[in-house]
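Each of the next two complexes has chain A plus one more chain, namely chain B in the first and chain C in the second.
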Partner chain A sequence: MSRYRFDRKQLVLPYLIYLILFVVMPLLVVLYYGFTDDQGHISFTNFASFFTNSKMMGTLVYSLVIAVMVTVICLLLAYPVAYILAKGEYARKHSFLMVFVLPMWINFTLRITALKEILTLLEGNLAFHPFMNTVICMVYDFLPFMIMPLFNSLTKLDKSMIEAGYDLGADFPKVLTKVILPLSVPGIISGVTMVFLPAMTNYVVLDMVYNSTYIMGSLIGSYFSSYDWNNGSLISAILLMFIGFLTIITDKIVSKEEGEEVRI
Partner chain B sequence: MNVSGKMKCTLLFVACVFLPSLFVSGCGGQEAEEVTLRVCNWEEYIDEGGWDEEELIELEDGTKIFGENNLADDFEEWYFEEYGERVKVEYSTFGTNEELYNQITLGDVYDLACPSEYMIMKLMREGMLVPYSDDFKDVSQERNYYSKGVSPYISSVFDTLSINGENLNSYAAGYMWGLLGFVYNPDEVSEEDAAHWDLLLDRNYFRRITIKDSVRDAYFAAIAINCYDEITDEAFVGSPDYHDRLSAALNRTDPETVQAVEDILIDAKNNVYSFETDAGKADMVTGKVVANEQWSGDAVYTLNQADEDGMELCYSVPKEGTNLWFDGWVMLKRGIEQDERKQRAAEAFVNYMSRPDNAIRNMYYIGYTSVISGGDSDLMFEYLNYCYGAGDDEEATVEYDDIDYFFSEDPTGDRYTVVTTEDQTKRQLFAQYPPGSMVDRAVVMACFDDESNDRINRSWTNVRCFDLERLLF
Partner chain C sequence: MRKNGQHMIIWLVLAFLYLPILILTFYSFTSSTMIGSVREFSVENYITLFTEPALRAMMFGTLSLAVVVALISVLLGSAGAIGAFYSKKGVQRTVEFFNEVPVVNADVVTGFSICIFMIVLLHMDKDTYIPLVIAQTALCTPFVYLSVMPRLKQMDNSLYEAALDLGCTPAQALRRVVIPQIRPGIVSGFMTAITLSLDDYFIATYTKPATFDTISTYVVNATRGAQTSIKTALWALSAVMFVIVVAVVMAANMKRAGTGEEDLRI
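Up next is the complex of A and B:
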């Protein structure tokens, strides 16, 4: 019997167990339920009927529109903030960052409740603009998740690259589009993935701002509460594939851009 | 000694198997004395005690009622005094009937639970319940407070409901009951408008009314709108089997009806403020909405809250017909497991909750109406008088006398009358003890079969989803 020897590789074990128990196994269960019928036979009818039902596709489109809008607005708001914070010559840079991330310390239902009252004050009746209110509340909710990764990638940005751009005669818009933006793509991508999926599924926000139209998350919830595990799991699986697809595409874009950089 | 790997495994295995059993047998002696009762109830659905001193209820006959401790803790003490046996209540809560059902079917074990009528029927149909014992129904025993005190009206409603040829009375003991209606702001909504379900479609209240975000409550409102002409027809109302026919009409689930309901609900969705799960109560008080589909118990809560803010809200029950709902205690097979001591403790728990003073404590604390009318004790009626009886200095008083159906075996009798202020006939008193004329038009919403449920759930999804077709064509 050989003596037990500690190996650095074994440090990964706790996480591996966690991964298998709480990520891989539930995922397999979701896939199993998603592609079987209520008798347990493998079936693709649920899958097919999802894509042929105009109401289901409508929900997918509705969630997508919300998610894209929220992500784009978050990005437009967060990028200048993150840039100024990262590049500005402030003494306590991180304290300023804290101010922007501070809302995350308060429970989000509490924050949305407060925002709801402010919006009611401004609009009079929230029920007239459910879509707009949803987007506003989600942007408010998810903005810190966009600022953080952008800030991190922009602080790491090599200043000499920007200076080189100016030295070669480029003006600020050109430096921004040709130097700063491409170099911060990893930050943008991680910010986008942090915001996009929650925006497609977080139906609590919709409930709270009185938007009675379902998004993908509410659809999953409603199927589960009527004991329809198969359809609920199917929609989770479709969302999963959707996000997976998105990640692959963005990865391709990033590696392509990095390839171009190397060529330069 | 060199212990080999295999041996180590064996030792470990032995330890794993036998050590826990040692603990179990170690506790065995104690277990024989103490019964554990696992109770699962709705959130905030029992008196949790901790009342302020001024909350003491002092009835006219001198009875004082005060909630010092949690009622479940009080039960443990009472059970020991009464039966000489220790019982430990493990109390947990659930948020919706579906959540409770999921918990039970996914393996959580409870002895006693308190679902709503349709879920009781579903559990009965699936054979998951234990019937109450003959002992429980013996009215000659002093401590059988439920059988002695349950309202004859509730008992008769239970009698009309049966699943697999068995009566609901044998499997369930009622807890709270009420009617579905509207809380409304009398300054904004007229009494007449609030007395019909089509208030939900009324353009005058565009985006100012909420409807419940629950399939069954929304479905009921829409089906009542759908067959309004039929059920208000004079020949229909005057027919001798009116109540049965009303119940049949409001429980329809055929495809045409479901389609019609879907269309009505889509119209409603485009007219109401929102579908709400819990926000409606607060939104009534803050004035965001002017009417709100609500169960009577929550209505009382909302009205009380509004009173504190100096705002007067009212409650109405649609005249054409409404939903009679109740929650009741059922014993679960998987928990009781033919353990007689456990069943006795469970039945004692129901009886303790049904003792008039405890029923009053629960009513005071949660705002719902107990199914207990008191039997030979007049405490429940005294409490009603205590809450709503008009003082001598009140000027505009009325006699509210159509409540004999609830308190007395003789529904046409005239024994129970409360002199109250005029506004109470549209407010808390009306919500807690609706007059017999309203109750005659209330039907229980049945537990639908799986096929109908599928149809209704699908239609509900259709109502709530964004329709791509409408956008494209």
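Up next is the complex of A and C:
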């Protein structure tokens, strides 16, 4: 019997091959281009010069400052909203979360166009406050991505834990810092990772508000326009290493948190 | 937290999220070229939006691309999830690991890496649209996988076994028993793929044919200086997209209310 037999396991093959060809291979090629020179020789000079070039370091620092600002503001705005939607006055109105997530599905360049018009009206000229406008537009763009994971993590939180805190004599600030915040750490982390990286790399927002300072993503964009594949790949490789590092750390924290939950 | 304080926070954040788009929608129905200056009512922007050839081509192109990419992603991702679910732990872990890469990776890096691989290294022609479709599919499929997998895990496996015992072939059992049970995951994966493709700027920039524009690349180019009529026609496009998204979300919510609540995911 040599007849072909269908097995559900085989269904994974097309996707596995696709992932290897179009996800893994391109990243390997980027690593190769990033660490070779024009002649194809292995070289770390580009890599070393990135970290000694003050202009590049300036770009890295500027991206980090923007990313930290945007992430912190998003967190400060999103946490109360997520808490109120999950455990507060709006907890029973289940579809209310949708209202906060909905803007995410409108094209982000169109949304920023809308906000830009408002900012132009308020400020007269966008060019006066490039940094502030960038931060406002990014917060506007990324806020739903922060609310969502926070909400998911806060709805799972057992309300009796909060009540137990009050019964044991704690006031709201104490319950918040000792019970609610620690139990929502996984949500905070996944929200932060969804906002931090785009804030470091989404240079379109800067372009749209006429902020001509570079962030990490702008470097890739400008090397792409000047056909400098080696340097473009190098920046991608550096970002990749940064992302890998970030993922490992956040996985550690989240799995540690989950481990602690099991013990209770 | 006090009641009034809670209402205030909710409404302030809602105002921040919605006022810009609502104000722009209002002005899209006037003849003014900047907000703040009220002119008379006009549907000129909507006429431009649907008659100007460049705008029509851009909208049609973006939509067709999104549908093609979402269909391929749904096929690849659903089949991949089903296959991985029944495979050995090692295979499943490998797929899961690779699947996570485009999810956590920055879109700039995903787009640039595929451009380097397919266009620079393999000399593939951008004008064939193949790099663009492949690259957007690489971005969207992981999200389909992630929305189908939880459905498989919740599924009652004994139904599949029962179908086999009652004489189904594995392929029939898959089509008649497994797929209906994971359908909600497939549908939400499809919707996610559509919105990711419609939203994408970076992957399109690095892999698209030079003359082809998606909404995002078109809008960004328009901010670098476009005719005023085009600029205000894009306000009309924002309004149209806003109304469509609200309608789809409301329809989905009504349907969900009928079938009971379910977990939200991106």
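Keep this in mind: the second predicted complex is superposed on the first by the 228 of 264 C-alpha atoms of A that agree within 3 Å, B and C clash if a C-alpha of one lies under 4 Å from a C-alpha of the other, contacts with A are read in each partner's own complex, and residues count from 1 in each chain.
One rule holds for everything that comes next: a contact is a pair of C-beta atoms (placed from the backbone, for glycine too) under 8 Å apart; a residue touches a chain by one contact, two chains touch by 3 or more.
Everything numeric here is computed off the predicted structure, so don't read it as measured data.
Asks: For the three-chain model obtained by superposing on chain A, do chain B and chain C clash or fit?
Replies: Result for chain B and chain C: clash.
Asks: Mind working out whether A:110 is in touch with chain B, chain C, both or neither, as first, second, both or neither?
Replies: second
Asks: Given the touch rule stated above, what does A:102 touch, chain B (first), chain C (second), both, or neither?
Replies: The second partner, chain C, only.
Asks: For A:120 in the superposed arrangement: first (chain B), second (chain C), both or neither?
Replies: both
Asks: A:228 in the overlay: touching chain B, chain C, both, or neither? Say first, second, both or neither.
Replies: Once the two structures are laid over each other on A, A:228 reaches chain B alone.
Asks: Looking at A:56, would you say it contacts chain B, chain C, both, or neither? Reply first, second, both or neither.
Replies: A:56 contacts chain B only, not chain C.
Asks: For A:13, select first, second, both or neither according to whether it touches chain B, chain C, the two together, or no partner.
Replies: After superposition on chain A, A:13 lies in contact with chain C alone.
Asks: On the A-aligned overlay, A:64 touches which partner chain: chain B = first, chain C = second, or both, or neither?
Replies: neither
Asks: If you tally the residues of chain A touched by each partner, is the higher count for chain B or for chain C?
Replies: C
Asks: Looking at the overlay, what does A:207 touch: chain B (first), chain C (second), both, or neither?
Replies: After superposition on chain A, A:207 lies in contact with both partners, chain B and chain C.
Asks: According to the stated criteria, A:132 is in contact with first (chain B), second (chain C), both, or neither; which is it?
Replies: After superposition on chain A, A:132 lies in contact with neither partner.
Asks: Would you mind listing the overlap between the chain B footprint and the chain C footprint on chain A?
Replies: Shared contact residues on chain A (touching chain B in one complex, chain C in the other): 120, 207-208.
Asks: Within the complex, which stretch of chain B touches chain A?
Replies: Residue list for chain B touching chain A: 4-5, 96, 98-99, 101-102, 207-208, 213, 215, 269, 272-277, 279, 288, 453, 457, 460-462, 464-469, 471.
Asks: Under the touch definition given earlier, write down the residues of chain C that touch chain A in their complex.
Replies: Touch list, chain C to chain A: 1, 3, 6-7, 9-10, 13-14, 16-21, 23-24, 27, 34-36, 76-77, 79-80, 82-84, 86-87, 91, 94-95, 98-102, 104-109, 112-118, 120-121, 134-135, 137-138, 141, 145, 169-171, 174, 195, 198-199, 201-202, 205-206, 215-216, 219-220, 223-224, 234-235, 237-238, 241-242, 245-246, 248-249, 253, 257, 261, 263-266.
Asks: Taking the complex as given, what residues does chain A use to touch chain B?
Replies: 1, 54-59, 61-62, 120, 125-128, 130, 207-208, 210-214, 218-219, 222, 225-228
Asks: What does chain A use to touch chain C in their complex?
Replies: Within the complex, chain A touches chain C at residues 6-16, 18-20, 22-27, 29-30, 33, 77, 80-81, 83-85, 88-90, 94-95, 97-111, 113-118, 120-121, 140, 143-145, 148, 151-152, 172, 193, 197-198, 200-204, 207-208, 217, 220-221, 224, 229, 232-233, 236, 239-240, 243, 246-247.
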